[in-house]
Amino acid sequence: MSAKAFKQPPALRTFSSAFVIVWLVIAAFPFLWTLWGSFKIELDFFSKADWQNALTGARTFLEHGSPFTGDGYQGAWVQEEFWQAVINTAIVCFFTVAISLTFGTLGGYALSRSTYRYTFWLLIIALIFRAMPPITLVAGYLLPFFEWNLWGILPTTIIVLVAINQPFTLWMLHSFFQKIPKELDESAKVDGCTQFQAFRHVIIPVMWPGVITTGLFSFLLAYNDFAVTSMLLSKENQTMVPKIASFLGTTQTEGNVMFAVAAVVSATAPLFILVMFFQRQIVSGLTQGAVKG
Amino acid sequence: MKHKTFFWFILPTATAMLLFIALPIVSVVTQSLFTPHEQILKTVENCTPFNCTESTVVDLEATEKQRVEQPLGRWAGLSIYLDRGHLATTAIAEAWNTRTSLGNFVDRLGNLPFYRAMSFTLTYTFVVTPLLIVLGFVIAVAVNSLHRHLKGLVIFFSLLPMIVSPLIGSLVLFWMIDSRGVLGTGLQWLLSNPDLSLKASTELTWIMLIVYGVWHSAPFAFVVFYAGLQTLPQDTMESAMIDGATRWQQTKYVVIPHLMPLVTFVALIQLMDNFRVFEPIVGFNAEAHASSLSWFIFNDLGGETRLLSSASASSVLTIIGVAILLSPVLVRTWRDFNAKG
Amino acid sequence: MFLKKLVMASAMTLMAGEALADCEISGRVNIVGNEFPAIQTVGNGAKECTGGKVSANLTADHQKINVAGMTGNPAEYTSAIVANSSIVALMNEDVIRPLDDLVAKYGGGLKKNQLITIDGKVMAIAFMANAQHLVYRADILEQAGVNPPSTYEEMLAAAKTIKEQGLMEHPIGGAYMAGWNLAQEFNNMYIGMGGEFFEPGTAKVSINNEAGIAALEMMKALSGYMNPDFLTHDSNATNAEFRAGNVALMNMWGSRAATLPDADGVDPAVKEHMAIAGPMTVGGGKIPATTLWWDGWTVAKNISDEDAAATFKALTYAIRPEILNDTTSPQAVWLIDGYQPTPAAQGVFDAANAGSVPYPMLPYQGLLHSALGAELSDFMQGKEDAATALADAEAAYTTAAKEKGYLN
């Protein structure tokens, strides 16, 4: 960016830095609080008696002789085998992202290159599809999936997540492909390539930034999904989010909230690494891909 | 592109969507037009560990016969859409005819589940969507002016509210805003009102949900706008500078028009998502104060006895609601498309 | 009285008890059920059987999947573990089979009162019981100079005294969260007031009456002594309040009583002085304002007779008297031979002995429960009067019951 055009007067610079700091506090405070609290016992974290207990860990100290305890992590990872859910989540996320992007790039590319009117209607229909509440869709799947013995396994969940995610993926990738000049593949076709060869040799090499951005959103969807995973996966195949929800207990039975808190922190850590690792790609992907209404 | 080539390219995604979204939508629409058969009841004696009592059960044999004859159930037409749980036409007509004043009519309207849910959902949608767009824009501009080594870290923390599952995110906040939690206590101290409870009053619960909604979705707008800022046409900016445009004028005449397509995109997605608001209501245990169509569906499907027709009707109403909400945006897209044509 | 007899009888069988032969099955067993520890124990017990494949999917979402999972032919699940509220959905869909022949063949070790009989046919085998009853802080009540209440009126008076003496700000706790919990508290209170939910023999609701209004007014009065956030408190949150020492009196699930003082960091005063008693009555009624619950297992209809026999054998084996030991006994109020009630089980026993009624097993009770859960919160917030709230609940129920075909 041009430094000249964006050179800020000192007052504005101070204001904008202060704003960023305030925003960071608002955005991150709940998670830092959770991170700190995850090393406490439940009564301190809930702090029903006095909120300062959550900071000082008064009751944790009485129980464990130290204001910190790793019991939540121990319970979640060892006793409740949270690692199994982590592995399941990794599998679900990987395949959901890979398949979503494969289907989405092909479809999005075609939609961006066809000038017929039906492409517009296809995009609108996709948007309407996205309006359908996932919870109703899932309720509809249950019976056929049980009947065909597809219920409870990871592949079913992956393909459902892919399908539910397609409308958004299509829209994003379609806008992205529109930004890639048509002349590129047209000239390849003049040179004797078929449409697919043009796509394969000309478009694929330049599409990565947009694909990575779309992939990030697909990843987040699969990673955070609760409606689909909680209903379609059996206990041993559960991913992280439903597993965490199951730590919370039900009306007539005791949950273990601290397992859930420790698991929440554990579930955020890989995202931290991921974003730190991919932030350059994410930002540059967004830069070049951009999304256009 | 030729129709045939187009077909092969679109086939995988279209198949996935047809199988897993279109077919279920067809079955949901059908479901909403039919209801289960009349249940034939009979009185029998039931024995539990505690005692034996006279009780009523469904006569399965008699009911089964009906099921075989009409597998879809009874034709209900639009009656489910019009019943008290949804559009409540009869109740509205009655409230209108027996109203004592307009206020009385509105009160009685607010007592019907659908309209109560709509009053919250629409308030939520139309407050949250613009606020998150503005907030996302300001964050994007502010982050854009940071030193480049700081950007990565700031981007990660800015994304936190979005990348953590709403289920968990709202749960964490719910613990914090308890009247003895850290935020609850802080607010009590700020407003010097020791009895203040965010969870006990409807107005405060709405504000809390709206704040959560903005907090949760602002990062999405931020990421999109931030990307848009990277592609600002520098020559236009510079010529604006040379012409003596103030910073405000630059923003107004160059930056905002450049980001306009992105604003449309964010608005499209967020209007849809906010209209379907669900997780925060459950996460904040706010059922007593706020509900939405998605929450109705959840409630119908989660009871001991599932109300499939009712849940289906709510789903169809959601789609219709979204379509109405998005129609201005869609009309614009249609014009753009034709202009490009 | 039945539970007392049961305990006596079980004590004797325990002495004469002989270990059952190992469990040998030939068929497929797959169980779906909730995930609390007592059910885990049953699931693990069934898995000890050899000769066939035994699996279990124990999850909090069991109710959303059990009907679908038992509808196919052959059904995915050969057994669902249910309670008196949730067996109804399986009965309505006709996915569970009568067990009389299996009981005759393999159920020698079961007691008569474990058999859930509907229309003369055994439809489920119960293995544990539950009920809501009074949990209180003996020390606080003593300081305030009041006796443990046996009626809700006494509870109000006790709360008043405790508050006036400045011992506690919000002495009463209750799982009044809008939705299922609030409706359950209404059910309790309405039953205690002597109300009938439906006109006999029909699905026509009748709660908008004196008993209903009295029940709501009592709930409102109680809520005056509760934390102002009571409409967001489920039983987990209510227990947390009690553990933190903020609550002196509450109506709580028996299944939660055993672990209540156990958690890490519970106030020593709470740990030492927590006491339980039977459920309270209300409005001068004789029937306690609570409901009795059982948990039990069923066998799917759409499976081969071989699988059904295997399922029955495995689950009967899983609830044989020998499973009771120091770990499993406190997990629940077991209805199994040889169960020695722990002190924490006293409340549930008292509830049964005081003539409490079971939660109704009516096909349409769940619809009323949902309707109440959604419509009563307006009254609790003071937005409308009791009669309007009850009329709304009746209207919501009637709409749902019409849709399901229970009413015309």
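For reference, chains read A, B and C in written order, and residue numbers begin at 1 within each chain.
Simple rule for what comes next: contacts are C-beta pairs under 8 Å (C-beta built on N, C-alpha and C of every residue); 3 or more make two chains touch, one makes a residue touch a chain.
Given the structure is predicted, the values throughout are model-derived calculations rather than measurements.
Asker: Would you mind telling me which chain pair, A-B or A-C, is linked by more contacting C-beta pairs?
Answerer: Most C-beta pairs in contact, of the two: A-B.
Asker: With centres defined from CA atoms, tell me which chain sits nearest the overall protein centre.
Answerer: B
Asker: Give, as an integer number of Å, the spacing between the C-alpha centres of subunit C and subunit B.
Answerer: 34
Asker: So, what's the distance in Å between the C-alpha centres of subunit B and subunit A?
Answerer: Distance between chain centres: 18 Å.
Asker: Between subunit A and subunit C, what is the gap in Å from one C-alpha centre to the other?
Answerer: 38
Asker: Among the residues of subunit A, which are close enough to touch at least two other chains?
Answerer: Expected reply: 46, 48-49, 139, 245, 248.
Asker: Among the residues of subunit B, pick out those that touch two or more other chains and give their numbers.
Answerer: 178, 301
Asker: Could you pull out the residues of subunit C that touch at least 2 other chains?
Answerer: Touching at least two other chains: 64, 234.
Asker: Hey, which residues of subunit A end up touching subunit B in the complex?
Answerer: Against subunit B, the touching part of subunit A is residues 1-2, 4-6, 8, 12-13, 16-17, 19-20, 23-24, 26-28, 30-31, 33-34, 45-51, 54, 102-104, 106-107, 109-111, 113-116, 120, 122, 124, 126-133, 135-137, 139-141, 159-160, 162-164, 166-171, 175, 194-196, 199, 213, 220, 223-226, 241, 244-245, 248, 260, 264, 267-268, 271-272, 275-276, 279-280, 282-283, 285-293.
Asker: Can you check the complex and tell me which residues of subunit C touch subunit A?
Answerer: Within the complex, subunit C touches subunit A at residues 34-37, 57-61, 64-65, 68-69, 71-72, 75-76, 130, 175, 180-181, 234-236, 239-241, 243-246, 253, 255-256, 259, 263-267, 293.
Asker: Mind listing the subunit B positions that touch subunit A in their complex?
Answerer: Contacts found on subunit B: 1-3, 5-6, 8-10, 12-14, 16-17, 19-22, 24-25, 27-28, 138-139, 141-146, 151-152, 154-169, 171-173, 175-176, 178, 180-182, 184-185, 215, 219, 223-224, 226-228, 230-232, 234, 237-238, 241, 247, 250, 261-265, 267-269, 272, 276, 278-279, 293-294, 297-298, 301, 308, 311-312, 314-315, 318-319, 322-323, 326, 329-330, 332-334, 337, 341.
Asker: Mind pulling up the subunit B residues that touch subunit C in the complex?
Answerer: Checking each residue of subunit B against subunit C gives 35-39, 41-53, 55-58, 60, 64, 74, 76, 80, 83-85, 91, 111, 113, 178-179, 195, 197, 199-200, 202, 284-288, 299, 301-307, 309-310.
Asker: Residue numbers of subunit C touching subunit B in their complex, please.
Answerer: That would be residues 2, 63-64, 67, 84-86, 88-89, 91-92, 94, 113-120, 126, 129, 177-179, 198, 201-203, 227-229, 231-232, 234, 292, 294, 335, 352, 356-358, 360-367, 369-370, 373-374, 377-378, 380-381, 384, 388, 392, 395-396, 398-400, 402-406, 408 of subunit C.
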